[in-house]
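Order of writing sets the labels: A, B, C, D and E. Residues in every chain begin at 1.
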Amino acid sequence: MALPMLATDNWYDIRDLANLTNPLLDFVGDNISSELAYILGPLIGFIASFLIFVLPSQLYVGVYGERKLIGRIQSRLGPNRVGPFGLIQPIADAIKLMQKEALTPKLGDPIIMNLAPIIFVAPAVLLFAVIPFGPNMIVANVNVGLLYFLAVSSLPVLAAFMAGWGSNNKYSLFGAMRIVAMSISYEVPLVLALLGVALFTDSLSLQGMVLWQKEWDIWVGFLMPIAFVIYFICVSAELNRTPTDIAEAESEIVAGYLTEYSGMKWGLFYGMDIGYALAASAFAATVFLGGWSMFGLDKFIPPWLLLVVKTHLFYMLFIWTRGTLPRLRIDQLMAFAWKFMLPVALANLLLVATERMLWVDAFDSKQAMLYVFMIVNIAAAVGIVYVWARFLGYDPDSQPTKARLVKEAGGYVPVGREVR
Amino acid sequence: MTDTIKSEPFVLNIGPQHPSTHGVFRIKATVDGEKVIDAEMVMGYLHRSMEKLAEERTYVQNIPFTDRTDYLSSMSNNLGYCLAVEKLAGIDVPDRGNAIRVIMAEFQRLASHCMAVGAFTNDTGAWQTPVMWCFREREKILDLFEMTCGARLTCNYMRIGGVAFDLPASFVPAARKLVQTLPGFIDEMESLLVANEIFIVRTRGVGVLTPEMATNASLSGPMLRGSGIAWDLRKADSYCGYDKYDFEIPIGYRGDSYDRFLVRLEEMRQSVKIIKQALDGLPGGPHSTQVPLALRPPKGEAYARVEGPRGELGYYVVSDEGPSPHRFHIRPPSFINLSALKEMTVGGSVADAIVVLGSIDIVVGEIDR
Amino acid sequence: MEGSGPVIAFWMLAAVTLVAAGGVLVSRNLLHAVLFLILAFIGVAGHFVLLSAEFLAMAQVIIYVGAISVLVLFAILLTPRASRDNGETKAFPFGALLAIALAAVFLFVINDTDWRTVSESPGLAPEALGEALLTTWVLPFEIASVLLTAALVGSIMLARTAEEEAEDALA
Amino acid sequence: MTTLFLASVGIEHFLTVGALLFCLGLMIALGKRNAIGVLMGVELMLNAVNLTLLTFSRFSESDRPIAGQTFVAFIITVAAAEAAVALALAMSVYRNRETVDVDQINLLKS
Amino acid sequence: MAVTREWSGHDVAAAVEAAVPGAVAKADAVACFLKPEHLVEAMQALRTGPETDFVHLTNLCGVDYWDHFEVVYHIQSFVRNQICTVKVECWDRETPVVPSVVPVWHGAWMQECEAYDLFGIRFEGHPNLHRILLWDGFPGWPLRKDFLSMPGGLQPGLNEFAGTARREAPPVRPVE
C-alpha cells in the first residue's frame, strides 16, 4: 500500500520522526554488514519507541497522571512532595522499590515465580511494535497487525498465572484462577467486536485502518459504537482494571497473584500494568479514534503527538472508571460476557456486515452514506442494548433507592405498610 | 458411578491481617472453589480486658475506657455508660446537658455512619473514592468535637450527671453551618452509589436476613432495621429527651446488604434533622449536675442502653456500694451482630462474604474489648 | 531461503522448539511441562512466520497459547495435587523405541527424496486464505464450524457435575 | 543440497524440525502416565504436522499453494475442539475415578 | 413519651409460673430467678407467650458474687415494647454448669461463649462452647473475682503466661 507522504520528507521535519530515523537506518544498512543490521534495526526501533512513547508516558503520564487524577477524584491532592507538584514521585517510587528486598516464599516455585515478571514485561513492549505513530512511523508494518495485537496480548495472562502459581499462596491461586477464567471469556466478544472493524475497513493492518479512517474522514468509534464500548469493557477486564479487577481484588483476595511479590519484581508488574493499559489505549486510539489522523489537522500538528494525546485521553477513561465504580463478582462478570456482550457483539457484527455490503454494492462507496450509517448505528446501539437488557430481565427502575420510613417503633413492618 | 467429587475444599484465612476485616479479625472460611461452605470466626486479637480493669477503677475513671471500645463512636459509648451509672445512682441530668448529649450523639452517629458507608463501598470494590469522600465529611464533624472537648477520636466528653464542659460560643454557628452542608453530601453519596448498577448487583440479595433470623440472632441497629423491623431505642425508650425531636425510623425491604446500606444513609439524614431541631431548641441553664467525684451508688444493678451507630449499646453495671463497680459489662453491638455472620456467608462466594462483613460494620475494638 | 537473517532465526527457533518439546518430555512437574509446551507452541509460530504464513502464526499464538494451554492450565488447577505428577508409564521404552525408529525413517526419507522446490515465497496474503476457505473449501469450513459447536456443547455436558445438572433442571 | 547445510535453509530443514517434533510428541503421547500429559503430546504432534504442511505449501511447486494453509487452518480448528473435549473428558474421568493416570483407567478390564 | 416497660421480677415470675409451674426459684424487684433445670422450658414460654413475647435476647452476661455466679439475661419484646431481667444462680464454683439457651435464641451462641471464656461457666447443650476471646490454654477465668489470688500466686501480665513458671506448674488448668 502506497503511503501518502507528508509535504516534505526532509530529515528535519519533526512532524514525522521517521524522516529522522530513516537516513540513519540507511546509513547503517550501507556501511554495516546485514547481519549486524538485523540486530541493530530492532535495537534502534526499540530504543526510539521507548524514548518517544513508552518511557515518558509510562512514568510521567501513566504513574504520575493516574495518581494525580485519581487523587482529584477522591478529593485529595495526590503526590505533591517530591519535586515541583510531586513530579519526581515516580522516580522516587522506583528508587524505593529497587531498594526493597525481593522475597521468594520458601514453599513456592522459585523458577516460575521469578520468571513471571520477566514474561509479563516482554509483551507490553512488543505490543507497541504494530502501533503506527505516523505515516512512516511504525516499527513493524505487519499485514496482520490486528491479529498480532490479539496474540501478543494473550501472553500476559500466562505470566499472571505463573505468578499466582509460583507464589504458593491461596490468595494468589485465587487470583490466578480468576484471571485465567476471565481472559478466556472476554477474548470472545473482544474478537467479535474487532472483526466488525476489520470487515468494514477491509484491512487487518493497523496502518490500513488509520488510512481508511483518514480517507473517509470518519472515526470507526462513531461508526460502530457497540464495538467501541465492547472493546473498552473487554480490554478493561483483560487489563484487570476496576470494575473488573477481580484477579487482584484488593478488598477480597488482598492483591491476587501479586500478594507475595515485593520490591522491583512487584514494580515490574505494576509498571507494566500501566504499560498494557497504555498499549490498549494506543490500540483503541488507532482503531477507533482515527490514530494519527485528525480530519486534516495532521498536516500541521505532528501525527505522533495526536496519537499520544488520543491515547492518554482514552487512558483517562480507565482511570475514571477505576475511581468511581465498584467491582463486579466473578460469576457476574462471566454472565455479562457470555449472556450480554456476546449476543450484542454478534448483533453488531451482523449489522456492520450488512452495511458494508450495502455500502459497496448499493451505494457505490459514497462518503455521505457513512454518516448516515453512523447515525443509524448509534441509534441501533441504544436499541440493541435496551432490547437485550430488557430480554435478560434487567429493569433499572424496579430497585428501591430509599429506605422506608416509619414513625413509631414496633415489630416487623411488612413491605408496603410503612407510615410516611 | 461413584459419588461426584468436586474440587478440593480448602481453608482460606480471611484475616487477621486483611484489607477488609477492618482490624485484626479473622474468618476461617472453608471454600470449595469460590464458594464458602463453612465460616468460623476467630477474634480476641485486640482483647484488652476492659471489663476486668473497670472493676478496679472508680465510676468516673471508667469513662475513658468506654471511649476505647468502639473507637469510631466514643460519644455514644460515653453516653451509654453515663446513663447506666445515672440510672444506678438515681441522678438527673439538666435539660441543657441532655440537649448537648443528643447533639453529640447524633454527630457521632453521622461520623460513624460515614465510616460505615465508606468502608462498605470500599469492600464492594469502589476503590477508595467513597471512603475519601466520607472521610472529608467526617473530618468536619471531628473538628466540631475538637472544638468542644479538645479530642477528635476518644472524646471523653460525657460525665455522670451531664457533660464535661459547656459548648464553646463558636460551636452553635459552626454546627449550623455544617448541618446545612451535610444533606448535600448525602445526596452526593446517593448519586454516586445508590443507583449504581454494579453496586446494586453486588449487594442486592447478598447476606439476606429474614426478620425472624435477625430477631433470633439478637441483632440490633441497622442490621435489624434493614430486615424490616422498626426498632429504634431512641423511639422505643426515649432517653435524653429524644421524644422531643421529630424523626423517623428508616427500615429496609428484604434484609440484604443493600438495605442495610440504604438504612444507614437514611439514618444520616434523620440525624441531621435531629441536630437541626436540637440546635434550634437548645435550652439554657447548667450543663451538668454536681456529682461527687468518688461516687458510691446504692447496692443494686442497672442495665441502660442507647441506640449507638452500630446498634443497641448496653451497659450493665452492678454496684456493691463500693467506689468502683462490682461488675461492668458492655453489650457490644458489633460483637453480637456477628452472630449471624455464618448464616449470611455460607453458600455465597468469597466476594460476597467480604460484602456481608462490610455490611455488618464491625469495629474490632468493640468486639474484643 | 537465503540471507543470514532467516537462517539465524531458523536455527534459534528450531533449537527453542525442540528443546521445549524435550522439556515437556522430561519435566516431572506437570505445570512445568505445560509451560514448556507453550514455549514449543511459540517456537512453531515463529516457524510459521518464517514460512510466510503470518496469519496462521498469529492464529497459532491466539488459539494454542491463548486458549488451549490456558485450558490445560485450568484443568491442572482443578485436579488435585496428587494427580499432577507427569511420570512415565511402563510402556515408555517401547514408545520411545517406536518414536526413534519413526524418526530414523522420517530423516532418511527427508534427506533421500529429491524435493522439487521453489526458491522464492509464493507470497500468500491473508486475503487469499480467506478466499480459499470461503470458495473452494467452503464445505469443510462449515463442517468445522458445526464440529466446534458440537465440541463446545459436548465438553460442557461432560464437565458438568450431577449437582449442576440438577440445579439446571430445577431452573 | 547445493549450498552448505548451515548457511542456507531449505525444505529439508523445516521437514526435519517437523519430524523431530512429531517423534517427541509421539514419545510423550505414548509414554506419559497423566492423561493431560498425553494430551500435550498429541498437541505437539498436531503442531508438527502443521509445520510440515506449511513447509510444503511454501516450498513445493504447486499451482495452488494456498491449499496447505487451508489445511493448517482446519487442523488448528479441530485441535481446539479436540483439546476442549479431551480436557472435559479428563475432568469427568477424574471426578468419577479420582485419577487421571491412564494406567489405572481400565474400566473395560473386568 | 414512649418508654420501654420494664417488668419487675415479680411480674416475670407470675408469667413463668403460669406457663411452667415450679420453674421460679425466687423473685425480687429487679429480676426473676429461674431454676436451672427448668430454664430452657421457661425461657421458651417467655419467648412464645402472647403476653410476654420476649423474642429478642438483648444481653447475656455472667456476674461473680464471690460465693456464687449469676447468669443474667435481658430479654425484650419489640411489639409490646417491654424488657425484663431473668437470672440463673449457680452455686458450684468448681464446675459451674448452666443450661444453654441457644435452642431458644440463636443470639446466645456467642454471648455464652464469652461468658464461658471469662467466667468458666459451662453451658450445657451449647453446640460449640469454646474460648472466644482468649486462646485455648489460657490459665484461669479472668473475670472471676479470685482470678488474681489463685493458688500459685498468679499475677496478670505477659511474663507470667510466657515464662517458665507456667510450664512447670500450671496454677489452674483450663476445664477442657
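Convention: contacts are C-beta pairs under 8 Å (C-beta built on N, C-alpha and C of every residue); 3 or more make two chains touch, one makes a residue touch a chain.
This is a predicted model, so every value here is computed, not measured.
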Count the smallest number of chain-to-chain hops linking subunit A with subunit D, moving only between touching chains.
-> 2
Specify the chain most distant from subunit D by Cα centroid.
-> E
Could you name the chain whose CA centroid falls nearest to the centroid of all protein CA atoms?
-> A
Specify the chain pair with the maximum number of C-beta contact pairs.
-> C-D
Distance from subunit B to subunit A - Cα centre to Cα centre, in angstrom = 43
Subunit D-subunit E separation of Cα centroids, rounded to whole Å = 72
How many angstrom lie between the CA centroids of subunit A and subunit E, rounded to a whole number?
-> 61
CA centroid of subunit B to CA centroid of subunit E, Å = 25
Provide the list of subunit D residues touching at least two other chains, using ranges where the numbers run on.
-> 94-95
Which subunit A residues reach two or more other chains?
-> 408-412
Scan subunit C for residues touching two or more other chains and write them down.
-> 55, 59, 67, 71, 74, 78, 161
How about subunit C: which of its residues touch subunit D in the complex?
-> 1-2, 6-7, 10-11, 14, 17-18, 21-22, 24-25, 30, 33-34, 37, 40-41, 44, 47-48, 50-53, 55-56, 59-60, 63-64, 67-68, 71-72, 74-76, 78-79, 83-92, 94-96, 98-100, 102-103, 106-107, 110-111, 115-118, 121-122, 124, 128-129, 132-133, 136-137, 140-141, 144, 147-148, 150-152, 154-156, 158-159, 161
Inside the complex, what are the residues of subunit A that reach subunit E?
-> 408-412
Which of the residues in subunit B end up touching subunit E in this complex?
-> 43-44, 47, 49, 51-52, 213, 215-220, 229-231, 233, 235-238, 243, 300-301, 303, 305, 312, 314, 316, 318, 326-327, 329, 331, 335-336, 338-340, 368-369
List of subunit A residues in touch with subunit C within their complex | 34-35, 38, 109, 112, 142-144, 147-148, 150-152, 154-155, 157-158, 161-162, 165, 173, 176-177, 180-181, 183-184, 187, 204
Contacts from subunit E onto subunit B in the complex sit at residues 1-4, 30, 55-59, 61, 63-64, 72, 74, 78, 81, 85, 105-111, 114, 118, 132-135, 142-143, 147
